[in-house]
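Could you have a look at this structure, given as structure tokens, before my questions?
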Amino acid sequence: MTDSDDPIILLTTGGTIDKLYFDALSEYQIGESILPRLFAMARVTQPFEIEEVLRKDSLELSDADRALIAARVAAAPSSRIVITHGTDTMTETARALADIPGKTIVLVGALAPARFVESDATFNLGMAFATAQVAPPGVYITMNGTVFRADQVVKDRERGAFVKTR
Amino acid sequence: MTDSDDPIILLTTGGTIDKLYFDALSEYQIGESILPRLFAMARVTQPFEIEEVLRKDSLELSDADRALIAARVAAAPSSRIVITHGTDTMTETARALADIPGKTIVLVGALAPARFVESDATFNLGMAFATAQVAPPGVYITMNGTVFRADQVVKDRERGAFVKTR
Amino acid sequence: MTDSDDPIILLTTGGTIDKLYFDALSEYQIGESILPRLFAMARVTQPFEIEEVLRKDSLELSDADRALIAARVAAAPSSRIVITHGTDTMTETARALADIPGKTIVLVGALAPARFVESDATFNLGMAFATAQVAPPGVYITMNGTVFRADQVVKDRERGAFVKTR
Amino acid sequence: MTDSDDPIILLTTGGTIDKLYFDALSEYQIGESILPRLFAMARVTQPFEIEEVLRKDSLELSDADRALIAARVAAAPSSRIVITHGTDTMTETARALADIPGKTIVLVGALAPARFVESDATFNLGMAFATAQVAPPGVYITMNGTVFRADQVVKDRERGAFVKTR
């Protein structure tokens, strides 16, 4: 395992995982991240820090946004990074992170908002947080119960699931 | 990563994670495992099988029970095993599994029943399921947001948390 | 109390209470009603029937829709009716029901989808189901912890709450 | 409806509704009431006050306890009272309240703790809170989706449900 003293850093960028319903607007928007509450509920004692980078649906991320995310990952004072991200363009952001050396970087999101009773969010976050501790440096995606190498997976939008490419 | 074609096998032995309240008895008992429902909610597409071994609070496990669990792990047709277990004697069962070669074995439980709204169960299961896919052969415990080597952790019952021993 | 042998009839018309998130569409739509599951969870033994009338956001209801709802209420073989409805035009539909004699009619909805962990949906449904059993014939709205006479309430959209008008 | 300016008073006495699991003790106990959080989640704007009277399983209530509850109800500066209570001896406490004039008194509990995902607690509380607003003075029990007059109901412990006696 990557036995590190640095806290695990979680960067939030938006996506379905943090979508809220705003009645006054009759619409859904990405809100304040629910991650702190989920980590408290999970009784996590392992040191970690949560930093908000963006609040965007991943279909709206620009190249500049992805470069920003990459810069934040590279600058983070830790070798273990988890990034919450919309699922639709997760693999594109993964490509922008591929050349960052010496860090275990895990992209994670959810197919239903974490605030829903029946969401995959909490399970996925557990997967990501463990992968950050155990996997060797590289970029990973933890969705649909699977730890994928980020360069070996694609989201099948019709099926609503991530599948291994090779 | 341990790239295996065998399904991940989950063995349930009881513990707080599956405690239910039975009103007619005015008491709590370990019931039918909630794991199948949690895995559906988590949209897990990775092949897995759930098998019930016991329904015991871990304070009630005998040496014979631990030997049974070890036998089931050794016989399981997979190199990736997750065991749900009460938290109080998880490390004892881990010792009974220490000599099983060639398998990544992850013990996991919860400090509050999975059926509670605010439980660590789902996050812990996500951690365990990922660790089973990524960690090299050996015995692990995934609790309190941490992937522990099972021979390097103890449960501090006063604090209600697992802590690293060395 | 209105001591009746007829089952209480629940008519679902849509609204936030039954909004689901469809990942493939990256949007929210009103889905199959969650009411049967909520009533099972509430261990309701009182006879009732659930009938779907519409699946619309209440801002999209036409006069023809409201006339349909009124016709269904009038034709229902029961003196106790609960109608789930979007909150934005609940009072308009109430006006269309005002002349139906001999029935206790309760409009209810939610400010957050019932599928959210932190929703007012379940509490509101409990209020509505009790009001249907206890209140004399007339039209009521049960929102924000209050049983309103439907001709004495308005939704303050800015505050996101129902308030008494007189 | 009982159109009152006094806040509705909620008296908590314990029971399953507020049972928590204490891992350090490996047992369940009645804890701090979850009612304030449930009322916030339900977006209740109707004035109310919550006061703790006891934290007991209803099988443990003595005559002195029931007399205390009755005294608190009689002294409460409101004509609308809701009492959370264990379900097993709810009807006994109801008898101790039968002679209090001019108040609508509603006993309510749950067959599963409110902290469980699948609990009847929230629906029951909604029923009780509405009944307190609508029903004429007297003592009521709101369980299993039904508003019962407290002198016309009994708990069938085998079936785990409240049934009308006449």
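For clarity, chains are labelled A, B, C and D in written order, and residue numbers in each chain start from 1.
To be clear about the criterion, a contact is a pair of C-beta atoms (placed from the backbone, for glycine too) under 8 Å apart; a residue touches a chain by one contact, two chains touch by 3 or more.
Predicted model only: the values in this text are computed from it and were never measured.
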Steps needed, at fewest, to go from subunit A to subunit D via touching chains: 2
More than half overlap in residue numbers between the two sides of the subunit C-subunit D interface, or less? Answer same or different. same
Can you check how far apart subunit B and subunit C are, centre to centre, with Cα atoms defining each centre and the answer in Å? 43
Could you tell me the distance, in whole angstrom, between the mean C-alpha positions of subunit A and subunit B? 25
So what's the Cα centroid distance for subunit B and subunit D, whole Å? 38
Residues of subunit C whose C-beta touches two or more other chains: 111, 117-118, 160
Could you list each pair of chains that touch one another? A-B, A-C, B-D, C-D
Write out the stretch or stretches of subunit B touching subunit A in their complex. 1, 38-39, 41-46, 48, 111, 118-120, 122-131, 133-135, 142, 144-147, 149, 160-163
In the complex, subunit B residues that touch subunit D: 16, 19, 21, 23-24, 26, 28, 57, 59, 87-88, 111-113, 115-118, 157-158, 160
